[in-house]
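Naming follows writing order (A, B, C and D), and every chain is counted from residue 1.
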């Protein structure tokens, strides 16, 4: 019985952890690679989730519809970055604190617009596989978690390959390392950063769709996730894309174990404790380079 | 706003009724309170008002925030000079208000403030909702009456870390003890938990006969889904009890057939034992407004009792023949008031003397059309016995598969 | 006239400022006048609404000022001021429940608790870049709320109704008394903030805000100074929360850790101007008064939207807030 | 108290696989005027960071006034009498020029006449008319002067000037040189890191040349100028400009 419980807690933890990783992936790009502390990212994800519910109500599958939506988010991300860099980067200030405040204001505005548009009530999607489970021996995995969880390894792998093997991807990593290095090679670092921020925003559309399959969301659902998403990115190590998946799963499994064998009441403290412990004892994270 | 400074007691000047509404914030789904009140106001004014004076509502948005309450009610009382108060929604928002109401000796109708007057024991406070006496422990007693009747002895208690749920869970334990039942599992979980698989497995391992659940809308959804996904075992006859959310159309619509078999509380269900023409007429008028304003389309839970709040005020004012607060309270303490939700009699701290919290079991739900919930037989009333419209189908696994 | 005197004189003329001692005297008199005004107000006004609403507004002055010691001077943004505020609220509630503690004891204990929490947070996160501190404070609120949920003695998620000790007879009633207490706290905070601002500590903080490395090389013990500022700010935020239980006699986690409170405590200094003590005061008075009025006129969604948009505008166009705009205008006219 | 004021022993610094500095040994005597030259990326600034404490070397020790300060944080080194200026000026923006100078005074040698002392130093670098201005409003030259003034105001035992003259005109270079020379006259040891050769040559009593993290020459200016290795790595590059 204990073993069955353990196996199921771990499998649930892995599934939830994958979803956390999907949520944090955009942040791993914008914060981890570009060093832009976009605390509005979870709100972008929630916006993606609402977009998915709108199309779901017309009969589309939320995950499929999130692919074209990702393109829209990519464009919106670029436009938003343009706005951001006009305010900051061109002012010649690298005032992270001011940037944090800007993103804070942006997330408030987005949340309020969502409330005014959709109301403060919970919204959910209607998909066929919700309510059914995949049973593997003693382990029962609800499709409601399994299918969105699969999104994370797919996105992580795609992004990792992109960053490793494409010209633009390598340029993004170069920008992360040293902006000046790039201007020497004749690529516009501004364009590369816009592009990378657009990718970060695009992931929000997909992970938003994943999130709303897991459970109903409201416009303020992002707030619960800010701490967790940053915990994933920092635990992974700044800029480590595969690390994001590992860190998300680590947090997810720990939460599930605390919930199953300790008290579920303490589960929200897990991510925070891991975040603080990382900052205090290993600021470079699990897979990050020393900074 | 010249009305603020006008004397409120002049002949023909409106009788002012003040309250705050959770138009925004966490409790904004309760804002249909206002519609219920407005429908009552329109009815009363059409019939010539109270004491020959029109009725006027003065409302503010309290943002579902406790911190807003003291200053807003002070404003209602001291600046707007309202004659009668209605409490904000629920016990949490009403709690900071009670000492003030008692100290100033005001007349107030409680809106869903469960056990809201049990500590203060103010003698000019009356509940519009039929929680009954000692409601902190007793409001969900019906669940345990049903459990007892069906031979349940092993009870599991699960609750969200939220005010209402914790209170309900505390009462549940007490009643279980009283009925000689064993609490074999007790757990609380943080709000916004979206996966209950390990919790459900832990419950299953204890083979309880009944699972008393005190949850909030998002977790009610996740729990019901979890039931379908990982199951709960054949031992469970009764599942639910205090699941907030199952009173509202949005959740009913999104869960649909997954609700079958679950037992939860309600204050009104369109069963033949309960429906009356006034209530039905009220609900059909409400539906029209709700459709325009995007409110809960069913409106079984809150709006009727906002209307009841108005009816109680009307009875008190007409019975007293004045706005004298002591006289108004005396009327409600001494006479039975006929409301759209049935006859109301009050004890000395304003509880309905008869608890009329329903325990309903969801049955025969097909598809996700909300309109089906307006038909009889979808929410079968198991308790109280006076309103019973059917018997429990058990165990839960059978009720869900049928 | 020597060159040196010339330069000093020129500096004085340039800024149009009177010598420091005179300015401090004027400030002290101003503080006393505000306190006296508070006392007169509680005697003259009958309408309790004024005291309830006044308490809320003045509480924001205290919160914004406390936040600004770290956020404004040192530039370390604390996104979770309510974590500290909530700790103050619950510290006071604990003492009231356990021993019916009088207000001064609750305030002192809240201050100590807030300072310790600030030290602990700072010790763990201030060694790495500032952005980590900001992120950790976001998570801190969730953590603090979780802890309270798990303490049954303090009511957990259900909240706790308490009967705090009654106000002394001379105060003329509980609302009046609470208003005076909050006013005294706010005035003390503003004075403390001003003292920090013009002292060596304030200069050290502003220096490290501009450049931590340069400050460190100029002899500023940056880590220690940040820790002190974090502790002082934490103590101030917690103290601002301590009287709440005496004001509302009911507390619950949703209020003590409310996001609206956090949002306002951050927005007010940013809108008023975070470089001097005047900014948070102006920002708090302005925003809180508008919100008190707006909560009865426009929808609160619109209210939050306005705060968000204003925040973005100020960050984008006027990073030094209203005070910065005024300074720029007067400087232009003077030049 | 006659030993060297500053001593660097076997200091090494690597960034990943790349060795940025060392091992380096260096001695600075009291009142000495030491010039450090070398091409970009030769490890000069890394050395300065190790001396001032913003970087802890992976190997080796730094001794200041006979005390091992390798593990002493920068602000404590500053209090012991080690001042530095930055290659890219780092003014305390948001504060006046006068306040900029008060920061080190507050921390290192507080006194009642702090403002007078600060004004005196501002006069000596010709910034007195800017005393009440926002540091962020200064011109490039003024920023460099402020950088120096802030390092000088606490009367250090050692001043490390990191490219204090970059981007200045000939006349302005003369101004700064005059300030530094006057300072050296009061017994302060100065390390000057500079690309402007004629300035270093004029100022220094001894010059050390760096190349890929190592010292390749350490001698009097005229000897350095004649050193073929130095000419190859350094002057060869310089003459192209």
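Structure notes:
The criterion applied here is as follows: a residue touches a chain if its C-beta (ideal position, glycine included) is under 8 Å from a C-beta of that chain, and two chains touch if they have at least 3 such contacts.
Just so we're clear, the structure is a prediction, and the values are computed from it rather than from any experiment.
Between chain A and chain D, the least number of touch steps comes to 2. Under the contact definition, chain B and chain D share the contacting chains C. Chain C and chain D have CA centres that are 41 Å apart. For the pair chain A and chain C, the distance between mean C-alpha positions equals 33 Å.
Shown for chain A are the residues that touch two or more other chains, namely 115, 224, 263, 265, 268.
Residue positions 146, 149-150, 301 of chain C each touch two or more of the other chains. Within chain B, residues 24-26, 161, 188, 190 each touch two or more of the remaining chains.
Every pair of chains in contact is given here: A-B, A-C, B-C, C-D. Against chain C, the residues of chain D that register as touching in their complex are 52-54, 73-76, 78-79, 83-84, 86, 90-96, 98-100, 102-104, 106-108, 110, 115-116, 119-120, 122-123, 128-129, 131-133, 135, 150-151, 154.
Chain C contributes residues 3-4, 6-8, 10-12, 14-15, 200, 203-204, 206-207, 209-211, 213-223, 275 to its touches with chain D in the complex. Taken together, the chain C residues at the contact with chain B in this complex read 47-49, 51-53, 55-56, 146, 149-150, 156-159, 161, 163, 175, 247-250, 252, 254-255, 258, 260-261, 292, 295-296, 299-301.
For chain B in complex with chain A, the residues that touch the partner chain are 24-26, 28-29, 161, 187-190, 192-195, 197-199, 201-202, 205, 217-218, 221-222, 225-226, 228-230, 250-251, 254, 258, 294, 368. Against chain C, the residues of chain B that register as touching in their complex are 23-26, 60-61, 63, 65-72, 74-75, 77-79, 92, 95-96, 99, 119, 160-163, 165-167, 188, 190-191.
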